[in-house]
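Each of the next two complexes has subunit A plus one more chain, namely subunit B in the first and subunit C in the second.
And then the complex of A and B:
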């Protein structure tokens, strides 16, 4: 779960762990890439607007370094949906207080694996 | 036309052209005296009305970069027309381009910024004259997902290429890279179709395909090897645009100058009385960068010391001083001294050949100085000790070689 907003990270961690998933946190793009290189993950949830390196660049680099690792773009903005690089994500979910959609996408993608 | 940008892939190493590619990328290898290989696809673009051109470079790109800057800064960016060099930037990858599809994927930012409707993908290493517009019309007319330009060649030489099998409607049925048993064209068992490395498709389709390809671990990230065969398998509308009409027995010039021997032959094609590749056709000019040099010159007409040029091309600024040049290509600014004899050879820019030197079936790279009385091409065993000699006996003297 990659997000520069501490509250957002905390909320996601609590809710996703309650579903029984193990969650690792990163607070910007560079940190996320480092974690992805070090450890094997089943899925990445990625904010787009972040300091150091934005989510789209992380997405591209993840695809090159770990092809096949599913990525969900999780952002407050709809405007990146038609960005060509966003098409590389397996899902595009708008941030919302209700994490229902995010959880459903995670389930679907993990089942596909 | 059709809101199209061009991606000219010029990152190939050209290993089989070594040592001509020792200091330069394959598309920057000099050709036909005045030109570089890349001048052909670039000229084709301009002549086809395509003026939004991106040249994707990677290995040993300085020479190519300089040539494009000097020779191709001719379009007006104010009108949205340009030849822009896109070096590998590692923007979304820690790797260099792993293949042609990866090269496009790594430049997804440019596709995003340009947002053209179509992309024409070209290889930077073939010698040919082609109007791309009929192919673009063909693509629209067939409502294709991707159109690949194909050339029919004799079936016995096809195993070296990417072979395309089509049905009666020119729809691609199979795609095989270097097959042992190439499939012939419908109705002609002696010919078969090979891919020219030219692809035309909608930008959105292109983006989807290179992303899908990037997600496949086993992929070599190549259009010919990975993307096209997969699109065919998935039932996408993959069409082959015939560069020449094989049913009418049409013959058009296209050469993959991937090896020294093929490169040598293609150069020598220009020397023929009626060359297969016409560089004099003002309807399809091939542009290049040329230094401002005076006209070529021959001097001395004494018996036994006569500056003469027979069946050859000679570049500006070259001086043939009491020497004989036959069936050869002499590039600009070459100096050949008295009593020397150059035959069936390619001499690149700035070379100096000393008195009494004898050169046969040899390619001499730029700025080499051949000493007085030196012989190349007459004793291949001796030549092999110093230079590269190909299977068919062509000697290559690389740049900065001191021929002593």
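And then the complex of A and C:
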């Protein structure tokens, strides 16, 4: 789970762990790529607006390093939806106080695996 | 016998005096029939020319027919005696004669016969010849073969008949006819000359009246164009205004959504996993619901930020309305409101509309939510949805039985930031109108007044057969 906002990371961790998933957190793109290189993940949740390296660049690098690794873009902005870089992601979920949609997307993508 | 008449003449004082009165009368009117009446009266009046009868024919727009416009004079000897003895008794002045247009009898036989005539071009027909050559002719019965069509021969049996053209700006526009049927007095050259002069006068004023009418039409056209221009300008200003508001909302919403989702998520986490008291659980739950509400508000208004382009395609309005109401009903039930009833009076076979379904649904949602606000608190809130159509538009009527709107506020409700609702943004109906107008439709509201409900009427353009879809159209 990659997000520069600590609250957002905390909420995701609590909620997703309650679903029985193991969650690893990263606070920026470089840290995330580092983790992905070291360890095998089943799925990546990526914020887009982050300092240093934005989510879309992280997405590109992740996919070239680990092709086939499912990625969900998780952002407060719907303007990236039409950006062709986002098309490479498996899902695009708008940030919401209710994590229902995010959880459903995760379930669907993990079942596909 | 036909005799062209020479035009050089010197007028006597009496004749000049008469012409002066005639001109004065002619200039006093801008009405064609009144003009005809004055000219024909001048031709038949005792103080004027004393022709027994006079008639006026004008050429139609295609220059194909000479059409009878007016005739003055008796149809037979008996009528002639009656009229002349009456006139001899009354002895009216010229002014009185010219201003007695209201007394013109459209039932008089001679007039009826004249206006029933329409003379097609005929080689040799003396009326057409006069019109085309500009010459004046004096005819004496028995007329040569082909000079007059039978209808005119019956109308003017002689002994003499004068035919003179009515000049227009470029070419003659009609002919003036005068005869001496019942007086039997021989028509002299002077009478003919005067009739020519009357016809010329009539031609001048006729042009004046036509120019005046053309001008009036032009002015009307210009006023019309001006009005639609200013309406278009209003619409443009409104749309720019709303676009700016939309951009501002988009910016603010995005900035707020990020922390909002964190706050709401955290409230949920506290609620679910905290081991603290029930009070904390209850209060974090309240935070969560408030945040969800705010988030929904942002999402809804955000969708307007992008209303610049409409992706139009044929949509089924019935299912669109039902879906919209279902969504709203779901939200209402979630808030615990069960008192709102939707009544569908959808006409089966309603044609599809040409619209951006997503945006149209937003517009409809806004209108219906507005209506729901109006019935809030009523024990029997009812919203009725009706459809109908004409050849170019589908009509959707959304009515409520709620508090109603004052007449003076009806136009204002579509203005941005105008609201009477506590907690209303004042944007819902403004955006609804924008979406509908950008799609080529229109919306209006009517209300029976305070307490008598409100009806929103929306006209949406019908699907156009044979138009290609899939392309982005801006709708205007």
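Keep this in mind: the second predicted complex is superposed on the first by the 113 of 113 C-alpha atoms of A that agree within 3 Å, B and C clash if a C-alpha of one lies under 4 Å from a C-alpha of the other, contacts with A are read in each partner's own complex, and residues count from 1 in each chain.
Heads up, the rule we're going with is that contacts are C-beta pairs under 8 Å (C-beta built on N, C-alpha and C of every residue); 3 or more make two chains touch, one makes a residue touch a chain.
Keep in mind that this is a model prediction, so the values were computed, not measured.
Partners subunit B and subunit C, brought together by superposition on subunit A, fit side by side with no clash.
Between subunit B and subunit C, an angle of 80 degrees opens at the CA centre of subunit A in the superposed model, to the nearest 10. Contacts of A:11 after superposition on the shared chain: subunit C is touched, whereas subunit B is not.
In the overlay built on the shared chain, the residue A:98 is in contact with subunit C alone; subunit B does not reach it.
Once chain A of one complex is fitted onto chain A of the other, the partner contacts of A:36 are absent, as it touches neither subunit B nor subunit C. A count of residues in subunit A touched by subunit B and by subunit C gives the higher number to C. Once chain A of one complex is fitted onto chain A of the other, the partner contacts of A:65 are limited to subunit B, with no touch recorded for subunit C.
Shortest separation of subunit B and subunit C in the overlay equals 13 Å (C-alpha atoms, whole Å).
By the touch rule above, subunit B contacts subunit A in their complex via residues 91-95, 106, 108-109, 111-112, 207-208, 211, 214-217. Of all residues in subunit A, those touching subunit B in their complex are 57, 59-61, 63-65, 67-68, 83-85, 87-88.
The part of subunit C that touches subunit A in the complex is made up of residues 254, 257-269, 272-273, 288, 291-292, 295, 299, 302. By the touch criterion stated above, subunit A contacts subunit C in their complex at residues 5, 7-8, 10-12, 14-15, 18, 49, 76-79, 94-99.
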